[in-house]
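Read from first to last, the chains carry the letters A, B, C, D, E, F, G, H, I and J; within each, the first residue is number 1.
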Amino acid sequence: MSRNDVTEKIMTAKVLNGISWASVAEKVGLSKEWTTAACLGQMTLTAEQAAIVGDIFGLDADERKWLQVVPYKGSLPTAVPTDPLIYRWYELVNVYGTTIKELIHEEFGDGIMSAIDFSMDMQRQNDPKGDRVRVVLSGKFLPYKTY
Amino acid sequence: MSRNDVTEKIMTAKVLNGISWASVAEKVGLSKEWTTAACLGQMTLTAEQAAIVGDIFGLDADERKWLQVVPYKGSLPTAVPTDPLIYRWYELVNVYGTTIKELIHEEFGDGIMSAIDFSMDMQRQNDPKGDRVRVVLSGKFLPYKTY
Amino acid sequence: MSRNDVTEKIMTAKVLNGISWASVAEKVGLSKEWTTAACLGQMTLTAEQAAIVGDIFGLDADERKWLQVVPYKGSLPTAVPTDPLIYRWYELVNVYGTTIKELIHEEFGDGIMSAIDFSMDMQRQNDPKGDRVRVVLSGKFLPYKTY
Amino acid sequence: MSRNDVTEKIMTAKVLNGISWASVAEKVGLSKEWTTAACLGQMTLTAEQAAIVGDIFGLDADERKWLQVVPYKGSLPTAVPTDPLIYRWYELVNVYGTTIKELIHEEFGDGIMSAIDFSMDMQRQNDPKGDRVRVVLSGKFLPYKTY
Amino acid sequence: MSRNDVTEKIMTAKVLNGISWASVAEKVGLSKEWTTAACLGQMTLTAEQAAIVGDIFGLDADERKWLQVVPYKGSLPTAVPTDPLIYRWYELVNVYGTTIKELIHEEFGDGIMSAIDFSMDMQRQNDPKGDRVRVVLSGKFLPYKTY
Amino acid sequence: MSRNDVTEKIMTAKVLNGISWASVAEKVGLSKEWTTAACLGQMTLTAEQAAIVGDIFGLDADERKWLQVVPYKGSLPTAVPTDPLIYRWYELVNVYGTTIKELIHEEFGDGIMSAIDFSMDMQRQNDPKGDRVRVVLSGKFLPYKTY
Amino acid sequence: MSRNDVTEKIMTAKVLNGISWASVAEKVGLSKEWTTAACLGQMTLTAEQAAIVGDIFGLDADERKWLQVVPYKGSLPTAVPTDPLIYRWYELVNVYGTTIKELIHEEFGDGIMSAIDFSMDMQRQNDPKGDRVRVVLSGKFLPYKTY
Amino acid sequence: MSRNDVTEKIMTAKVLNGISWASVAEKVGLSKEWTTAACLGQMTLTAEQAAIVGDIFGLDADERKWLQVVPYKGSLPTAVPTDPLIYRWYELVNVYGTTIKELIHEEFGDGIMSAIDFSMDMQRQNDPKGDRVRVVLSGKFLPYKTY
Amino acid sequence: MSRNDVTEKIMTAKVLNGISWASVAEKVGLSKEWTTAACLGQMTLTAEQAAIVGDIFGLDADERKWLQVVPYKGSLPTAVPTDPLIYRWYELVNVYGTTIKELIHEEFGDGIMSAIDFSMDMQRQNDPKGDRVRVVLSGKFLPYKTY
Amino acid sequence: MSRNDVTEKIMTAKVLNGISWASVAEKVGLSKEWTTAACLGQMTLTAEQAAIVGDIFGLDADERKWLQVVPYKGSLPTAVPTDPLIYRWYELVNVYGTTIKELIHEEFGDGIMSAIDFSMDMQRQNDPKGDRVRVVLSGKFLPYKTY
């Protein structure tokens, strides 16, 4: 048994029972972004969170234990994603990568925007010309240290 | 001569003369994100914008023409970026890719978040535990059409 | 269970029962292109469409639910396809890629031809020197926005 | 000297002198698609065509000879294109690849759609919801022979 | 079930029952090259051919249907083959690739040698210094069309 | 200076002076296949052959020496060739690879067809349905030795 | 069933019963190098050899037949091996590759050292500073032929 | 300037002046294998060795300094070598890789054969059936340590 | 059965029974680093060590034998790791690779730091600004030998 | 001009003038590890540090400005390094990757060891059995945040 087996079981239960990620997040008490990532095998749950998720998706005791183990992260089957929705994000990194780098360095100096001390929030943005996806990313700036 | 030559000349002028992207954007009259991407060879300028940029970076008439040609986009030398700052963004796509996909589909149905009808805004977010990089992405949702 | 399992079941039923894609499309009431892509795990069906497809291919209730979930798209096992028919299309993109780019930009300016707001129509074109495959592609032009 | 040098010289002359592909095609007397591909180093010109193209772009006698040599074809720098406009075409092959294969085989049997005995026509399709790019591809069907 | 399953079953029956490809080809009434390729999942059989092959290898009715479906072609597990016999052919393409290209173009002009309207014949060539493998390839020349 | 520089000089002289490979081979006194490969930097010439080739293409004394050095072989810029003519040969290896392997082993047992003790002959094959490229390959069979 | 299944069965029997390759080679009557390669699915056994190997590892009649079939060779899961012992050999090829090429050509002229008419012998070489692995490789030199 | 520049200069001098590696090694006083690798940019020379090599190939004082710097090793342009002579060595690692691993472990236990405390000796082995290349490799066995 | 099966069984037992690597190491009597690597299929255990590990994780007699076989090493599914924690180590090699090389060569001359005669020790380093991971690596320096 | 040009100039000056990294670090007043990485184009210097480095290596005013610009990091030419010294470090990540992950998570929970708030110290460790390279790595632990 592995975390992947649990993730597949969660996805199957979600599809067959029509469970929404928003409803899972509400019960877990965290954002829908973190909660979904955790259910998809990218984050680590506490025993309490695993119990809530286990009840929602019908997981047994062993499966709940796997949810509490730090997973081997990386959710995509290929280095360049083939799915069009995910590819557009890869395209942003590819087209705007040097721009992102230049502007963060201009404001903060040498360092990175953390992907660990990080949060993401996605919302529908109503727009008469067609609704938009609005995503707010917030990552702590970590400066390179000299030593 | 090619657009890459112009991009390299812009970068060299920026470094040697200490020009900031924010100041360029202010003169162009557009966001610092779009302006920087354009100067880095990813976007197409109008004749007026090219004249402003050309004055700032000391470009001749031919070089200004290249700025008005649609470039072959893609700013990274490898499919998986080696630079740590840019890699963190690739890591976000890799770790959160399926999460992003699930949540956009849950809210909007099948389709994508456009990387063309798109904007990005980066700001410093003051925080007593360490300042953060706050990025707002906004992309039009484009639903798959049946036919 | 996953969408791939449903796709394989559809393909097996198609082969063993001699079902044509044209007949499926007629019953679904959409083009044969969209319908085939949906049956091959690339598009999302409504409940009504899933019921029709389910009846044709003998799918049970759970399998019909998977047809209504947005799939992870990408139908090819390798980045460069090995199958000769599909490779010829890859070759078109490779040989004519810069031509396509030049001509769309010459007519429309910077932007892309959408692969989402898109349709495709394939027909036999009778020709005394050997019949031809005629394909009409239609994609909305999406201009890059400045911001 | 190589064909690539001639292609770069053509592109530079085009940008600096504002030459349109449509005007080149008109003078050559062939479609804008074939003519552009030829100028971009993908097709072979006759001596007469090379003379016309040479006059337009200011090529000398040696450069005109290179236009008449069969080039090493393939116009993209990477196996998966990074440019968003060209990527959308790669995405079509990736998402619709198996669909294209199924439908051509359903109509014609085993074989391929030729990329050699082939033509392409791109046009603007006016549409009140946003103009579209309409592309007609026509390739001879070539059946696999038994022997 | 898939065509691969049928191919594996054919290979197993061949090994365990000591069937030769030459004998299969004789019964099918076509060359040993085409017949072997078909049995290995690369070509499409008619109902009559599938019945003959099915009798030889003990295939049931469903498996015989799969033989009549156009397969997803490509018989090698890696882009550069690791098997020494097959690698030598890849090496020929790699070392002689540009030579083949030059000589076909010198004789025929721009175009390709078809891999579809194509035949191959392999024979033992007796030689006192060691027997040789003699292979005759014959492919229709397909010229690029202007349009 | 390197062998590549000599190859490029040969190609340039060939294009600008309209030299045919057949005429070079006739003067060298070997097949057009071997001679072309040698001129393209894949084979090693003797001093006499280098003198003949040097006279034809206008090479100086140093360049003639490079022709007599064993080159680093491999004539293609990518592992999977993008040029359509050369790709068709790669496709033959990919589609027919396992067939070639099976039939050589059926006739000869375990071993390979040599790509070193090897010859190739290309000819035009007149055909009322369209002329064909006929290629005869002959390679010594080399059996695996036990020890 | 496939040759891989037989290889896995041999490995499992070896581990569980503590069989040494040296003892297998002694019974087969050939070198330990060839015998091990054959048991690992890289060489082809005669019926007599297969019977001996089958008795040692407890293979049934069908499995012994697979040992007599020429295998698809290549024993490594990745193009660059990850296992440190095997990697050191890859490193030798990488670091000394051009040296090996230069010295064989200096002694023999253009051609290769055969990997088919080849033998390998590994022995412990006692050394007070630490025992060494001594490997003797012997491959027939095969000169390129002109034609 | 870099070590690669010095290597290219050495190769050019070798070709134009007809210098043999054996003669260089004799003057340096080390094996032809180590000496050739050093001249090809893979090993580090002492000041005395660099002086000898510099005299042979006509290197100036700066170039001799580069010979004394530890180079970035790796002599091949691609991960899988395209040159047939070098490929045969890669093929040995690929086909015999698991055999080499099994036999060294059987004799020595877990560890590696060093590629650093290592020597190689190549000789012509006269043989009436065709001369052979005989290579003796000797590498210290390094056992994995527990800790 | 293979070593991978044993590794998976160990991981499952660890998760379901809440076993810590530190406790395993204490019972084995070696460092936690070596012990964990061994349990994860990267090192070879003695019979005594395998008995201890087998008791802890509930392995049967056959599984304990696999622990004593030298494994095919390499613990990551992709050449560039996707997991963020492991990626940071890859990033260190990528960013500091040339620095590490320069400094070891400056101190020791040409050679390597052994990854075989090697040990690693990880400890928590308390720090008021946030605890740190402190890792001490110790590898024997192995100088390149001349011969 | 680019940072790479400056790095190459520094390396050339170092080789030709025999400058040691230790002496540079002493003048800069930081560790030899950070200083070397900065000189090799991986870190960003202040104006004061750039002045010191510029004096040592003879850099002009423009080159000193490039040292103060955040570089595009990544010091290796291939994803898997070919140089043996650097490869051993890649091997450590490959063989010990999952071990490192397990032990850091066992001690700290989910998160990473920072490669930004990080230091490295290399020292010679005298040892009668052969001196060792001792490296101390220290990186802040960064826990994944929930949100």
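The rule is simple: a contact is a pair of C-beta atoms (placed from the backbone, for glycine too) under 8 Å apart; a residue touches a chain by one contact, two chains touch by 3 or more.
Keep in mind that what you see is a predicted model, and the values were worked out from it rather than measured.
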A-I, E-H or F-G checked against F-H; over half of contact pairs coincide for A-I
Count the touching C-beta pairs: is C-E or E-H ahead?
C-E
Taking each chain's centre as its mean C-alpha position, how far apart are subunit E and subunit F in Å?
23
Could you tell me the distance, in whole angstrom, between the mean C-alpha positions of subunit B and subunit E?
49
In whole angstrom, the CA-centroid distance of subunit A from subunit F equals 53
Sites on subunit C at which at least two other chains make contact
33, 72-74, 76, 79-80, 82-84, 91, 94-95, 98, 101, 105, 111-112, 114-118, 142
Per the touch rule above, subunit C residues touching subunit B in the complex are 30-31, 33-34, 43-44, 70, 72, 98, 101, 105, 109-112, 114, 116-119, 142-147
Going by the contact rule set out above, which residues of subunit F touch subunit D in the complex?
8, 11-12, 15-16, 18, 77-78, 80-84
Give the list of subunit H residues in touch with subunit J in this complex.
1-2, 62, 65-66, 69, 72-74, 76, 79, 115-116
Of all residues in subunit H, those that touch subunit G in their complex:
20-22, 32-33, 36-37, 40, 42, 73-76, 79-81, 83-86, 88-108, 111-115, 118, 120, 122, 124-125, 127, 129-142
Subunit G contacts subunit J in the complex at 80, 82, 84, 87, 91, 94-95
